[in-house]
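A, B and C label the chains in the order they appear, each numbered from 1.
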Amino acid sequence: MLEKAKHADPPETRFIAPGHTFGSVTEKISSAVLTKRTPVSWFIGFAVGFALLQALALGVTWILVRGVGLWGLNQPVGWGFAIINFVWWIGIGHAGTLISAILLLLNQKWRMSISRAAEAMTIFAVMCAAMFPLFHTGRPWLAAYWLLPYPNTMSLWPNFRSPLVWDVFAVSTYFTVSLVFWYTGLIPDLASLRDRAKHRLLQIAYGVLSLGWRGSARDWQRYELASLLLAGLSTPLVLSVHTVVSFDFATSLIPGWHATIFPPYFVAGAIYAGFAMVLTLMIPLRRIYGFEDFVTMRHLENMAKVMLATGLIVFYGYQMEAFFAWYSANPYEWFMMKNRWTGPYAYLYWTLIFCNGVAPQALWFKKIRTTPLLLFGICMFVNVGMWIERFIIVPTSLSRDFMPSSWGIYHGTRWDWMVFVGTMGLFLTCFYLFIRVLPMLSIFEVRTLSTSAVAKEESGHA
Amino acid sequence: MPDDAAPHAATTAAALYGVVAEFETVDQLLAAARRVHTEGFRKIDAYTPAPVHGLAEAMGYNDRRLSLLTLLGGLAGCVAGFGLCYWTSVIDYPVNTGGRPLNSWPSFIVPTFETTILFAALSCFLGLILLCGFPQPYHPVFNVAAVRERATSNGLFLAIEAVDPRFDHTATRQLLESAGAKDVYDVEP
Amino acid sequence: MSELRTQAFQAPPDVDRIQRVALALGGVALLVALVGAVVDTEQFYRSYLLGYIFTLAIPMGCLGLLMIQHLTGGGWGMVTRRTLEAAVRTLPLMALLFVPIALGLSHLYEWTHAEIVATDRVLQWKAPYLNPTFFVIRAVFYFGLWTTMALLLTKWSREQDATGGDDWRLRLVSGPGILLFGLTITLASVDWVMSLDAHWYSTIFGLLFMVSEGLSALAFVILMTFFLSRTPEMSRVLTPKRFHDLGKLLLTFVMLYAYLAFSQFLLIWSANLPEEVTYFLIRTRERWQWLSVLVIVGHFAFPFCLLLLRDLKRQANRLAMLAVIILAMRFLETYWLVVPNFRADQMSVHWLDVTVALGLVGLWLAAFCWNLKGRALLPVGDPYLEEALADGHH
């Protein structure tokens, strides 16, 4: 019966379709950038993204002109869309680092063909997230003028006991390290493009960016060591980022914010949201660019499984919040929970439970995990659900705090929505530009997936 | 810069950067690298489109300095981060914030952790760039058309530099050919 | 063919010896402890709870790891599966050993005293949950569920040895099983440990408890795997790569525990709420603070630094030595978790703390050894066995 183990992998379980060689992989992925006609869908997608980006431009301009009073913030809800969107975008970014770093350490080969796009997604998501802390200062150039350099005229230093300062450290470190990691991964592929580009300007551009990479064995040895080290550093970093984001809430005393489960529950939520977004992007892309050979059904299934696992941890977090709200015997905690269930935002709470708790249970079924369209649908629920989760946390607690006389209600204004939708435009625009000018799959890593094929088939080349 | 540096015997050995041989399979390349190294050549390098497991080791090469650099960077970041928190909060301008101790080390761990990672990652990246000698706008192997066209897509190359004391133009070429090279090219400096 | 392989991968005779020694030691320790129970009943129950929580962590952690390896596959799961299975089959014994705790509730938990509850608003609020009847009903339910899952998983795995072929039932139980496991263990941690101080609460506690059980189990599994790797048949399978994987997993658990514990500490320390912060105030008082420091260093810093070394993870004997240290630290951490609830003012060690723990561990180890024998040390019928072990040689 042991022979069964030896049978060839059925097609749907492979990470790369059979018959690919170093050459064919290079050809197929780089041609999407260099030679192939840009698909019509690219222009449509870019146009949509660029149109939405105008919403951001308009929203931000008007906010700079009139002030952040345009946002729906007022007493008692002083935190709203800005932080919700910030947390949502940061969370989405996490899957990129997770795929490229943690799965690299775990030696999971399936990450190779999705890591590039996922890392790009991380960087763009963090850029979108950064919009909110930047523009919530009202007139950022003034903030920069008065706040930098430290110490200012009052000789005060930032309060390093404040989670908001930790956030600055965490997010800027995260962005820098993600960018460095991403660029490091790009160097050999940029060299590939340099050597294959026909146009002189492209040759120079890719040549400068590739730093003179020539695939030397000595460089590869250092390069692989550096990749491992960067992955080892990125793994605790990515976990720390959403942990620090959760500290923004959890170090406070607000019921519904101050919960010790927040750090792991936020991290799980971030991975959950991130994988949903990776799937949201990859499912259409693999179809449009014909990358089904590289982003196989098995990739989709694995990502769906990660989503299921992290989704269950998130759901566990919801249950713990509810149980301990009662168990704490703290009237404010228990009121907070009842307010979530039946208060003014109850409809959102139950939508959240459906989107994040019920809908993903469908992923238990292989049939659903391996049907891209259904999987795409589930991911949409999760994308929405994770945004609602942050909404439930922020205004629900603030609008009904300790003193009933100061209760209020919060809704985003049209400017809130405009800036939020606008950041989606920024994200899409950046992402479409990325897939146009850079290889959206890691060419050299996908090459190694075909290594076994080299010995037999490589001899065919001229 | 000649467009094609295909073998032509007229080139004198002294003017050469070295020779580069192209192989058809990874196994052949690995075997050749091992053999050339055993023969005593040290100024050798291989060019492959993807990392080949054990190739650097086959040429007697294993650079672990990057680990040390990263560690040092991390330690520096750790000290810098905690030092920043401590100096500003305890020494330079002590302020009672929420009744917490001046040296609130549990809070300071968070920024310290982030700077540790930041410094370590940047040391690792800059170390890689530095050790590889990047950015490097010019390298002689690119004078060979085959390397230019295939080293970053599907070609496997092994180069021996002329400065190697054991280098002898004819003998080295023969050695590479006998090791299974499909083609051997001279590399203009 | 599988018949032959089953015979080839048998437990070494040393297991018999360990079983006898463990049983003798454990039996003697428990008998001595019974004397202590007569002399100081309250102390006996308190020491018993400590020893029980420490011992139970191993089979419970193993149950979690067993289900995880059924779901994820991989070489580490193949080589440790039989150890995990032998451990989880001690759960009926652990259920039996829970009886003294149920009998000694009034010595352990203040919420069992009606007169205290009558004057305490918080305990009154919690009374629908924290009352002796419901406490026992829940414990019966937990053990019923855990034992059922453990026995089903081990029974099917045994059947697989004979029949071969892929058994989808193992995954069918493990998927939802891990969910139920997570929820029940959280509630159990609230019941048995958190409610020792019924005013205190922390939402991360269940997760922290789960991870600490996983760490105990993993350290034990590594120790056993090293022990089994000395038999000629198993030594061919238990390559450095296997230990490397187990070492990486151990590092993950060490870091995960530290991460969760630090998160809990930082949040409670920052918020400084009177009903929460007592937990850390007690544990940083007087001599307790030195135990806290020892736990930070021995439970995190020391193993963390060592496990970063690649060579250490690949050398089975050194990894096993580290596993022993971690198990010792696990006992200290359990001590740090449980005992301050009884001795808030000053840290002190009662001779019963050690004796009862020794007795329970001895008894449990004997049961484990007994379970380990008779079955192949590898799941020889698993169709993925060969594939999972194929990558072991680099």
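Here, a contact is a pair of C-beta atoms (placed from the backbone, for glycine too) under 8 Å apart; a residue touches a chain by one contact, two chains touch by 3 or more.
Just so we're clear, the structure is a prediction, and the values are computed from it rather than from any experiment.
Arrangement of the chains shown, judged by which pairs touch: all-to-all, with no pair of chains left without contact.
If you compare A-C with B-C, the chain pair joined by more contacting C-beta pairs is A-C. With centres taken as mean C-alpha coordinates, the chain found closest to the middle of all protein C-alpha atoms is A.
A separation of 31 Å divides the Cα centre of chain A from that of chain B. Distance between chain A and chain C, defined via averaged C-alpha coordinates, is recorded as 35 Å. Per-chain CA centroids place chain B at a distance of 46 Å from chain C. Annotation for chain C: residues 266, 270 touch two or more other chains.
Among the residues of chain B, those touching two or more other chains are numbered 107, 110.
Chain A has residues 161, 236, 247 in contact with two or more other chains. For chain A in complex with chain B, the residues that touch the partner chain are 21-23, 26-27, 151, 155-161, 163, 165-166, 169-170, 173, 176-177, 180-181, 184, 188, 191-192, 194-196, 207-208, 211-226, 229-230, 233-234, 236-237, 240, 244, 247, 444-445, 447-448, 451, 454-455, 458-459, 461. Every residue of chain C that touches chain B in the complex is listed here, in rising order: 262, 265-266, 269-270, 272.
Those residues of chain C lying in contact with chain A across their complex are 1-2, 121-122, 125-126, 129, 164-165, 175, 179, 182-183, 186, 190, 199, 201-207, 248, 255, 259-260, 263-264, 266-268, 270-271, 273, 275, 381, 383-387.
Residue ranges of chain A in contact with chain C, taken from their complex: 1-2, 4-6, 105, 161, 236, 239, 243, 247, 250-253, 258-264, 312, 316, 319-321, 324, 327-330, 364. Residue ranges on chain B touching chain C, taken from their complex, read 99, 106-107, 109-110.
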